[in-house]
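Multiple structures follow.
Next come two complexes built around chain A: one with chain B, the other with chain C.
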Partner chain A sequence: MRRLTLSLLTFVASCAMVTSTSCTEPVAPAEGEGEGEGEGEGEGEGEGEGEGEGEGEGEEPLPPPPFAISTKGAVAWKRQRALESDLMTALVLAKGEVCNELGQFSCIDFVHQVPLGGNDPFVKSQYEPLAIPTVTTPIAVERVVLSACVARVTKDIDAAPVVFTTLDLGASAVSDEEADATITALFRRLLMRDPEAHELAELRGLTDDEGTAVPPRDFAIASCFAIGTMVEGLFY
Partner chain B sequence: MRLTLLPIALVLLSTSALARPTGPRLYCAHYEDTPACRGAVVSCTQCHTAPPELNAYGGSIASALSGDYDEVLPAALAAVEGEDSDNDGLSNLEELVLGTRPGDAQSFFVAPAAPSGPENPAFSVGTYDDAFAYRRLTIAYCGRSPTYDERQTFAAAADKAQARHNALNACLDSTYWQTEGLARLADKRIRPLQAINVDGVIPLADYSWDYRLFVHALSDDRDARDLLTATYHVGPDGARVSGVIPGNGGDQVGGQPSAVDKRAGMITTQWFLMVHTMFSELPRTTAAQAYRAYLGQDIARSEGLLPTDGEPKDIDNKGVDDQDTCVYCHSTLDPLAYAFAYYNGIGGGGGNGAFRQNRPSWQPSAVEAMILDVPLQNVQTRGVVDWAQQAASSPLFAQTMASMFLTHAVGRAPRPDELDELSALADGFMDPAVDNYRAERLLHRLIDTDAFGVP
Partner chain C sequence: MPSFNRRRLLQSLGAAAVASSTVSSRRARAQASADQKLLFVVAAAGGGSLIDSFLPITDPGNSSIVSYPAGFIAESNGFRCVHSPVPINLGGFSVNGHLLPFLQRHGRDMLVMTQESTSVNHIIAQKRSLTGAGVHGGKTILEAQAMRHGEGLLLPNVNMCESGYLEPGDDPSVPDSARAVAVADALLFPFATDGFRGIRGAPSRSLLERARRARRTLDRTSAHGFTFRDASMEKSYLQARETLTPQIEAQDLITKLTAVANVPGAIPLNDFGLDSSPDGAAVRARFPDLLTDPLEAQAALAFLLARHKVSCAMSIAPSFNPLLDGGLRNTPLAFDFSHSNHVLTQYAMWSRILKVTDGLITLLKAQDWDDADPSQGKMWDRSVVYIATDFGRDKTRPPGSFEFGSGHHLNNGNVIISPLLRGGRAYGGVDTATGLTFGFNPVTGDPAPGTLMHEGDVYSALAHALDIDFNGRTALPALLRS
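Up next is the complex of A and B:
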């Protein structure tokens, strides 16, 4: 519910930040289910043959939400330093562990600094940061979050786990109980709140891939990435 | 006889130069309470695309003018208030009150409707939301989100307002705010360039002094006017140091060459003078940057134009006295720059940025330094000290500080429906009984505004 609400609140911002599973179009909850969340794709009229998938002819307008939403629609962009700081805190990583290109160039302070909302006044003479996210911002955000998630999972495999304490990272599958505990911990660490029932249900689906159980390592990375790139965590 | 004729000739010259853009002053005398004039000098772009070309609103006014411009302008302004010159659906008067531009069809504002429907389960939409504001202030001033536990603690707090202000106090003391948050607000005011910094390829000055003073003046319970009036510098250890500070290289590079009585905060540091004045005899760029950075008036955008009769004199023979083009800006800019001419840029006796009483080639009596319509006396001995004091005590400075902090806090420029709160922030900033020019006090008021805390 909270994610849905903020997605509506951040209509303009979320339009600029549509990215994979983490930034889905908000949809209203189905009646009787209370809360909803989904990909928001319109129904397509298939024209493909064989295995081809049909192209949609446009999305249906979103139904109005069942509660009051902001008409102000103005949120702020969580820029590179807060993004980095939050990932460091959430995943218990040192500054140099969050994301480095080629293993040595900081994603935050150098390589992706500008699309992440920072500026370099000293060398690039960029005296003000971008006012709004660019088309490459979602890519950079996903790059950083994925890097941080992989770093944490790797450390938790190599030594006593710090974040993924409720997963057996050496096992072959993830139980529902393990998944729920992990998702809950990640929500608290990355979004600073508890997950809601529909969110648990949706993310629990990451434990298998078309009926095949995925290793706990992959589930850990995927759930960390999905939660860490949700719109509500990137705007405030 | 010749001595008698000279004053007459000067008077005639002065009179002939009265064909000046007096519009901004007259406009703001008529509309002093509108956003375009509140704590600002209305930009020429209110009526012009680029002077002297008129936009749609300016065209409407021009068609309503008949007779002496200065006398009939107020009546012409009133006559077109009911029109919608730019056809954006709002009358000219509505736009003036809102603070949008009546000559620009892309500039308009319609206040959002109040939220309607059942209660939002996550946000207090349309009213001040404590949790929303708490998260926002933590990210803005601590450079991080509140943790899960911090959010829980805040949610349980009996006095949310007190909890918010306690959190703000902690953030304002944080390493993030003191070393990065405030510094990023300084970037466009200092305009650093590592290649010519003291440790760069061509060392010319050290902007570290500038960053330290900026952060110092805007933190703790210090007077923000020190940005313009400080007679001291701030050393690497955070302590104030006064007087001439020797540099390590030639031309006193890396030090601070101005004596205490020639110091004026950020606008007389070695870096500021070096990087903006360089080799200019009349440092127009330096004055324009000081005007832009600390009074919010960008002359390049036709803002803050307060022409002086008889200007520009083109005292340095740069050809800026063309009455059809240059006069619109240089009649303000040149008088603004005279006081800066007594400081070196790059090179000169005493080193980069040093004060030199005999630096200009012209006689001091040949020009009159001005700022905000106030003539400055004895600039050849006082430099820009009086310039800075006039600037620091003006509403423009308070408006610039309030706007800088509000824009940073909400991540965008204030909208028309937030301009009253912006003005209240600026007014309180100047009020001895409210902020008394303390930036952190202003921030405590800022986080209580609807602009900040209403989702």
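Up next is the complex of A and C:
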């Protein structure tokens, strides 16, 4: 028994240390299947629309992961204060500018405080915050980030741009060069790194809507929203 | 016929959202139509005392037991209740009683069940009032209800309470879907049901949906995404984002759950592309102060969640903070202000709780369960309202006094209103010499001095009404409708 435990530990340790695909390769195909399974299979069969294609539908098979998979998976949730602070820093916004529902109710301090991981012991007698995100947390995150992105773009249109300096926000289309520069700037501001080539390519697609050019203003908001709500920026 | 690629069509999150929501909706309605039941917990936070509401003792004269003169006790539908013929004065504010009107309207569906709890610590007692002191493996009755009747619902268990009433149960086997969604502000909760709507200046939904799809790819291919693909917290988050969010948005809950009306300048819904619920007018008629009274707003949201088959377990509670709005609507510390002024606090807070409960039940009685099939009856036909409370209050007072403070006491009881149980009577009784409640025969329902029921028995009564079976459930045939 001890020997078996030891060998398992050795295997896990070697997987964690190796950055090649040797240990993780067999896991790779499960990514596409795993994510598509719940929606595709269940609904397809239930409504007779599946035709046996449901599983993994909508997901191209991924290449083998070039990184080792964390065996502990111990991530921390970036809760409401840190989220607000990071958005303020990244998008150069004041506290009151980040997100206000109906233009008056603070998303961070009030409306979405609980699903974003906060709690109010004084007014609401909530003595503990949620241990983990709740089902409405993703929506709350999206509203906060989208509001902050809209606020930043609006300010950059109304005055000398601060964040979207490489875009002509009044133009009718976005060039690839402008898109790449904007995406790179947003990655650096929101995720503290440069985008990979495939990430640039993916987001560059937001400049075009089935042959119609997306206005730079909308591209700026959409790309800001996509990058700002990536799980990479919400869990660490 | 326009040519389209089916794969691409299904790749469209919008299409998937519509499809999945339709399926979900159908599943929910199929499930709901069969045997679904509804649980509403109204928490009498701070200690609502039964001998100060529906089991009052008549004062024989200068008694040192908490009791009331005969002129302050009324009768209706087989119950007695504390009732002041004139509005009472609490801290300079006038309070109209609502116990007697409540009995007159709902007494036949109401039962009182005596019990003695196991803690006089607020937070512990509050939690035990929902877990039955652990009788069902630690599950709260709300979690058990969500597990039993929540399949196919988007947010089966919504908890708007505070403190111990907000705490999750202790059973780790409760699935995430049955755990409570905590709602801090009922009026603004609908904003948490759509990622985009109501954000002025946002680009088109179609572009933002494309941004979501791009993000999904980025999340799956980033170094972080690979490294933490098995992190349970992230997986859970992504599951909610990719599966539940589209379903929630497709139900247009941001409209259906918005009880408040468009109020230019104050609540400018229309300026932000939003609107009030189609049920808003009916809800506001019952809860006219929902803009200023959080308890009314909670009750309104509870009704709308059930009405639109979003949830089956909803809980509401008055705040521990005072509410001064044309009168003392909510005492500081809710029922626990009895420490300072027992009689008036109990009367004011019972009236407050029952007035809101009355509004909720009235809405449930008026609303068909299925708009398309009135033969399925009203929402009320499958509802249980449980007035939970922490514990009772002291049974003694300075002889004959009406101005005294009371401490916490284990001995008390609960009120349940439901057409699913045999209402119109009190189960158990009160020893007028001590003010202590005693139990009842679970088969006949007859009073049984010398016996006591406990939190687990109340939990069992609720479980019977809600078709929740578990090992250790107390058999209570006396409470069941034949």
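The criterion applied here is as follows: the second predicted complex is superposed on the first by the 170 of 236 C-alpha atoms of A that agree within 3 Å, B and C clash if a C-alpha of one lies under 4 Å from a C-alpha of the other, contacts with A are read in each partner's own complex, and residues count from 1 in each chain.
Definition applied: a residue touches a chain if its C-beta (ideal position, glycine included) is under 8 Å from a C-beta of that chain, and two chains touch if they have at least 3 such contacts.
What you see is a predicted model; the values in this text were computed from it and never measured.
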item: Which superposed partner A:192 touches (first chain B, second chain C, both, neither); value: first
item: Contacts of A:139 with chain B and chain C, given as first, second, both or neither; value: second
item: Which of chain B and chain C A:125 touches, first, second, both or neither; value: both
item: Partner chain in contact with A:109 - chain B first, chain C second, else both or neither; value: neither
item: Touching partner for A:97 - first (chain B), second (chain C), both, neither; value: neither
item: Most chain A residues touched (candidates chain B, chain C); value: C
item: Which of chain B and chain C A:202 touches, first, second, both or neither; value: second
item: Touching partner for A:180 - first (chain B), second (chain C), both, neither; value: neither
item: Touched partner set for A:73, first chain B, second chain C, both or neither; value: both
item: Residues of chain A at both interfaces, chain B in one complex, chain C in the other; value: 65-71, 73-75, 77, 123, 125, 127-128
item: Contacting residues of chain A [partner chain C, same complex]; value: 31, 35, 38-40, 42-43, 46-47, 49, 53, 57-59, 62, 65-71, 73-75, 77, 101-103, 105, 110-115, 120, 123-128, 130, 132-140, 142-143, 146-147, 150, 153-154, 196, 198-199, 202-203, 205-206, 209, 214, 217-218, 221-223, 225-227, 229-232, 234-235
item: Residue ranges of chain C in contact with chain A within the complex; value: 7, 10-11, 16, 19-20, 22-23, 27, 123, 155, 162-163, 166-167, 176, 181-185, 188, 191-196, 198-204, 206-208, 210-212, 214-215, 217-234, 236-245, 248-249, 267-269, 271-272, 319-321
item: Touch list for chain B against partner chain A, complex; value: 112-123, 125-126, 132, 135-136, 139-140, 143-148, 150-151, 176, 180, 184, 187-188, 190-194, 197, 410-412, 415, 454-455
item: Complex contact set, residues of chain A against chain B; value: 1-2, 5-6, 9, 64-78, 81-82, 85-86, 89, 119, 121-123, 125, 127-129, 131, 188-189, 192-193, 233, 236
